[in-house]
Amino acid sequence: MPWSLQEVSQHSDSKSCWVIIDKKVYDVTNFLQEHPGGSSIILKYAGRDATSAYEPIHPSDALEKNLLPSQHLGPLDNEAVHTLTKVEASKKKTKDELRSEQAMNKRPPLNRIISLADLEDVAKQVLSYRAWAYYCSAADDEISMQENARAFNRFFFKARVMRPVSKCDPSTRILGFETTLPIFVSGAALAKLGHPQGEVNITKGCAPSKIIQMVSSNASFSYAEIAAASSPSQTLFFQLYKHKDDATALKRIREVEQLGYKAIFLTVDAIVPSNRERDVRSPWVLDDQETGIKVYNDGEGAADSDPGLGVAGALIVNDDRDMTWEKTIPWLRSVTKLPIVIKGIQCVEDAILAAEAKVDGILLSNHGGRQLEYSLPPLEVLYRLRMQQQHIFNKLEVYIDGGIRRGTDVVKAVCLGATAVGLGRPFLYAQSAYGEVGVRKLISILEREIVTTMRLMGAAKIAELTPDMVERVNWHPVAKL
Amino acid sequence: MPWSLQEVSQHSDSKSCWVIIDKKVYDVTNFLQEHPGGSSIILKYAGRDATSAYEPIHPSDALEKNLLPSQHLGPLDNEAVHTLTKVEASKKKTKDELRSEQAMNKRPPLNRIISLADLEDVAKQVLSYRAWAYYCSAADDEISMQENARAFNRFFFKARVMRPVSKCDPSTRILGFETTLPIFVSGAALAKLGHPQGEVNITKGCAPSKIIQMVSSNASFSYAEIAAASSPSQTLFFQLYKHKDDATALKRIREVEQLGYKAIFLTVDAIVPSNRERDVRSPWVLDDQETGIKVYNDGEGAADSDPGLGVAGALIVNDDRDMTWEKTIPWLRSVTKLPIVIKGIQCVEDAILAAEAKVDGILLSNHGGRQLEYSLPPLEVLYRLRMQQQHIFNKLEVYIDGGIRRGTDVVKAVCLGATAVGLGRPFLYAQSAYGEVGVRKLISILEREIVTTMRLMGAAKIAELTPDMVERVNWHPVAKL
Amino acid sequence: MPWSLQEVSQHSDSKSCWVIIDKKVYDVTNFLQEHPGGSSIILKYAGRDATSAYEPIHPSDALEKNLLPSQHLGPLDNEAVHTLTKVEASKKKTKDELRSEQAMNKRPPLNRIISLADLEDVAKQVLSYRAWAYYCSAADDEISMQENARAFNRFFFKARVMRPVSKCDPSTRILGFETTLPIFVSGAALAKLGHPQGEVNITKGCAPSKIIQMVSSNASFSYAEIAAASSPSQTLFFQLYKHKDDATALKRIREVEQLGYKAIFLTVDAIVPSNRERDVRSPWVLDDQETGIKVYNDGEGAADSDPGLGVAGALIVNDDRDMTWEKTIPWLRSVTKLPIVIKGIQCVEDAILAAEAKVDGILLSNHGGRQLEYSLPPLEVLYRLRMQQQHIFNKLEVYIDGGIRRGTDVVKAVCLGATAVGLGRPFLYAQSAYGEVGVRKLISILEREIVTTMRLMGAAKIAELTPDMVERVNWHPVAKL
Amino acid sequence: MPWSLQEVSQHSDSKSCWVIIDKKVYDVTNFLQEHPGGSSIILKYAGRDATSAYEPIHPSDALEKNLLPSQHLGPLDNEAVHTLTKVEASKKKTKDELRSEQAMNKRPPLNRIISLADLEDVAKQVLSYRAWAYYCSAADDEISMQENARAFNRFFFKARVMRPVSKCDPSTRILGFETTLPIFVSGAALAKLGHPQGEVNITKGCAPSKIIQMVSSNASFSYAEIAAASSPSQTLFFQLYKHKDDATALKRIREVEQLGYKAIFLTVDAIVPSNRERDVRSPWVLDDQETGIKVYNDGEGAADSDPGLGVAGALIVNDDRDMTWEKTIPWLRSVTKLPIVIKGIQCVEDAILAAEAKVDGILLSNHGGRQLEYSLPPLEVLYRLRMQQQHIFNKLEVYIDGGIRRGTDVVKAVCLGATAVGLGRPFLYAQSAYGEVGVRKLISILEREIVTTMRLMGAAKIAELTPDMVERVNWHPVAKL
């Protein structure tokens, strides 16, 4: 039963829907309703080859996890493989693909990359427009995203002089696990969109410096592949998007426990899709680039139709929207011994509730500005927490992410009481631009910047960074270059 | 007695002034002094066809309401009709008409419209310059208009997590009347300038979602036509510009009562014409586009001459400029049983007086920045009212309008105590761009944005939106895109 | 003894210096050292015709006041007159003169001028670059000048509604003298630079509305000419730059008393030349335009040489730099019965001293930002005075000038306690653009704006404008268009 | 033993490394490890002529101080000299050299230079890109550098009037030494990069006005040459970068004591290299300009390699990073009788410690924003010190530097209690643009601006400038032009 293209093509609707992925045939008829991205995106490829749409988004174990063995229908026949190969070979590159390829060939040499902004600049050039739109997009007018970064601009240092700093050690521990710097990789989905080795680039790039990687539930490599890519001394955390069905959620937890992941970061700020316009618009931008502007004709587009969820929204349609402090945390405690961190605390009041719920840590985060527009910048929440509820810092570990691009940003958060800070997009950009070596470069830049900042502030170790060393100024400094 | 053009043309001055409107002849000699826009604009067309100037501004019952039966002189003769039709057909389109037509043909398909800004962008393209200038213009340097919108930029959310939101209901009641969203159509005049179906587009577009429409005294459709276009379950409010003559004002109130309008919004912030420069300049812009720049020669334009009032000023010249709390509210109460809302409260002090006058509601508004330049933004007035006079919210309903363009804007106002928020220009833009379906699209976008915002804040219904969920920040966030 | 050019040309140095002005010959040898602009500017024309440099700056009585009868040497002979006339006629126009002429021919008709900004725009086009630079220049980086205007942007209205305003009267009194509006012409020198009729345009333009004109000591028309141009019911004030020699100062006071001027505004903020770079650079800009960029060669320009004072600095080199409260005010009181106002108070402390010195009024002013860079904006000083020393307003009249361009600006200052506000540059621009009729237009625009603002605030007369009607906001509104 | 090029060329690695400087041969093998800029930069020239790289950076006594007599190997032979001369002559100028030369020929005449900004503008044109990048670069995104200047923008004057100022004296004393103005030259390295006479231009330019020059440890002229260029009445201070080896540091102190330097400014804010990206990037910018953009190929640039320190970082690699209040100040006191000033105090807390350590003065400075990004602007530190710890001003002298460009800036700092203010970059720009005469021009401009400001504030001498004359405003003024 190797299949011909003709045979496959007869299963092209919702009653019987087959697709070809990487030269193999699958019956996804029963899966149509469960697909997080909705059935219509699959039906577009019903009876046809779906490889190019499928691969950049799905981890390698997705088919195995989601389809029964009987739905794996087996390989195409030789003629079909030959035909698809010819089709693939003859496919004309899009303008965006050509642009991206050209940019790839013009990347500056790595020794000219001296800041995270440099890495982002290269990534912006080499990424496909679709990947760029997915990575950089944020909610509504992208104000919270920008404010996350701008918040750091309001905090100045009161540097101390005449303190010995020839030896300066920026290492620390997160939930008891060693790290050479007070930073970690914050969970970010779909790294494969930016580079074929995706999340694995990050894993390998973090190994030498023991920077801890938080792996997203929506990673584009499987949790197992990422674990396999890690070195023995390396720590991985898991970012849990909790499925609405507890049993399904538990299966996911068990899997990562067994793979040796060391903590659960429960995502609470992204339980429904948000409004990321840049992401939603990206297929239109690409369409228009290839085939010209679309114009209105009556009947096209019902007034009440949904614009679609973009890439991001599709990933979370089955997540639990009814989590509570009373129900969810005790359940999680009851099923796992791993430390639990709440990812997505956005105000002081919830930080208090988290402490009362006795979780091990909280990650002050608004999801990089990608979820609730006008959510307070995490640094501002950290500052309020430090001013108003200092005791919280004794009860759990506090982290922040969002907008961190410089060693000074890291040091400011640490001064205010953060155990460590997470970076998401910067790691995606680094690996998109230069793969694994880009990740190493990012860490090396941050290390140099953090150590220089600490020394110039008179601090020889993390514990010497204290709240009195930063001041929130009441004017509006110039923006970064 | 069908009239020839020659006969009509003999009545071309203030002693005997006839005009042709839609092939019929009217004697407006006695009406010249009563015309809100002044006699000179009519005299420009004395003895001639005035249809093209008359129609986009006046409701269909204007002639009936303002002229005696004896002043309706009857139809033109056939030759006259023929001549006018030929003249009309041979009229060359202006550059602005051509531009607008071209834009109409290039509108993006409706399924690509995902924000209110998109609707405004299309409207800006397709509207005649004159309509655009009338809709978007505001007082003086348009600072209050811009500040209305910018005010929302200073209010951030303190989102709550771990609250059940899978079910989320944004419906509420305004003066006891149901609405699926805490929004309503704020009164805005002359919708016909933007689309032949004008206000009726709004009425029909609001029907499915039961969004309440406040109809302006200066609507370009008659109150009856709008009522006729509404569905049985739909609520209409009436925005009253009170005539200086109480009897005339009363006639207007009686009319809308009988038509089933459900509340009176008494306009108090627009009792004299204001200085809308963009509106005043618009005929010059169009003239120059057609025939080149005008230059100075001595004697042209007396120093003390008035620049004209623009479209807006003309509409209100006969309004009551001497309303008082002591006189006007009791009178209004005495003549109608409808709920009374004061539209145009601009400070806390007057909110208190309104409560003392026992009205049913107040609409904090500065008329979209179109009247008093440097009037405080309504959101700032709402914030002061909430901070300083919380008890007011128990005595009457509070609404705001001005600058609302996003679901987050709506939610912020509701958090601070607004029962609902009004949108004016956005509805005009939506119907100008796509007619009735544009109005439905606008509502559908706002519904999605409001529900998403509520869920991401941990609120499953309107009552769960509370003042502690917003914070007025003391820095200056980046502006919207 | 009509003089030949040859005879005149023999008196061309500081030992014997003759100049020709308007076809007459003057011996200015003894005057060289007394000339406020320094001797070098005169020596440039020694033995030659100086008319074109002399006329736009000097009032017609300057030669009479400054030279003895014996120094008036009499007319040129016919041949000399003939030669000069030919030279004049053959003089090629400069690029700047051509540009200015062209702009003059393209002025928009007066009925299209609807704001003070419109008048300024026209003036900027039609003025010679030199005049423009002199009028608009301010100290250093022109920050105080800009801040003067921007200060108004921070004050918002708390408008009151439901108050009778059909009748609205903006008239008031300044030092007991009637004015139809709470504004006056603030002293500004050298109006002739902008228009041949200079200050006289302002006088005549103000007559119908009884707007009071403060005439500068450095007016380019004589005090007598200006008085002669005024109507019987018109009030003139005098802006005194006190000469360091009391007797000389007294002579000036006696002159204006006899001409019927009604008050003395003693200038105290401009006792030394300031740094107006735009003014200083203007001859270089013009030179380069005509003849190309100047470049460095060694020896050109000693390091310690002064850049020159610009037009403005020259006017005040002989003024009294050692005035004190103890000495100067009593002296002034002793020599005149006219009301005394101190022009140039820049802080609350000096307002108190002025009240103690029992002067009749103070003009809060930083000279339009032309003197001390970073002097507080007058509106901010007024606000501090109102908040901190309310009783001062009962002891003397308070005025402000600087940055006023809108009716709202006027109303804000009046709300805060100003009896009236002065405008300087706007009157210069108005008369430069359209002469006397431009001045009338300016007043007519302001009247309309002031009345509209008052009505929309619920104020029917000046006394109803109170401090509680304005609020200084703590955010940064958008700038004017 | 005059050497041939062939003989020298055989010593081209780290085992035996000879270089040619100014036609003489040196054995630097043993010095490689001590070279502050690292060995690699020397090895680039091993066995070859290093003159062009060496000269613009090193003082003339560097070879004598750092190499043993036996390592001075003597002159090249005639043929070698001839060859090098020919090579030099045939060297094609780079695009940057041509640009700079052209700009030098187009400098505006000195009498058109009327502000420090003018001097900077010329310098930016005439400097080599490398020198410009070194001078103007600052840490990270150059925010602290910009904020240093912007801080002055927030302080406004409360000018006093009616005070005698015809005589105005801006002279004062610094550590007891006379100066005609409350300013001094703040230490700045490598003036030779901008002009062949480098620091000597500054020395000679300061002589007439007795402005005190603080000479950097890293000056590009020797301390002796600078002392020799000074006039007998002129005061020099010494900016000490303390070597980590006390004995080496002491040798440097003894040298300047003997040369007559009058005070030690101990640098404490620049003990490790900082991140000056513009400086680091400058060779790449120049390379690309000459030879095109560099692009990435695998293996080029290890991820963990350092980007290099730039010019600035190299100068301080051997400095003492373990200075403390307890150890360093007592040691310094024990070895010298000169007054001691701490340069680089960045917060109030350290100002208090400095007073307790009984030093003679503190220079509030963040090294012109070149070291710790987000260090508070010195003017803000001065303001906090004045508000919070007024008594400190009685215990030691306080100076600031950073961002001073106007006389108003100087006067503001003096009002707040600064004895004097330092300027660094402006002196480098002035001498780069016009040599010694540029320095005199700079001082003459500042003198005029300071005196004008004092007079317009009612201050006739430095002591009359008091804290109540400045106000820190709570809005954001427009930026300088």
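Brief remarks follow.
Every chain is named by a letter (A, B, C and D) in the order it is written, and numbering of its residues begins at 1.
Note that in this section contacts are C-beta pairs under 8 Å (C-beta built on N, C-alpha and C of every residue); 3 or more make two chains touch, one makes a residue touch a chain.
Bear in mind the structure is a predicted one, so any value in this text is a computation, not a measurement.
Taking shared numbers over all numbers used, the chain B to chain C interface scores under half, which places it in the different class. On superposing C-alpha atoms, the copy chain A sits rotated by 90° relative to chain D, to the nearest 5. When every chain is reduced to the mean of its CA atoms, the largest separation from chain D belongs to B. Annotation: 45 Å between the Cα-based centres of chain B and chain C.
The distance from the centre of chain A to the centre of chain C, each centre being the mean of the chain's C-alpha atoms, comes to 64 Å. Contact with two or more other chains is made by residues 474, 476 of chain A. Judged by the touch criterion defined above, the protein chains form a single closed ring in which each chain touches exactly two others.
Partner chain B is touched in their complex by these residues of chain A: 140-143, 146-147, 150, 154, 244, 268-269, 271-275, 277, 280-281, 284, 293-297, 300-307, 321-325, 328, 342, 344-350, 353, 366, 371-376, 380, 474, 476. Residues 105-115, 153, 155-166, 205, 208, 406, 408, 412, 434, 437-441, 444, 448-449, 452-453, 455-457, 468, 471, 473-478, 480-481 of chain A are the ones touching chain D in the complex.
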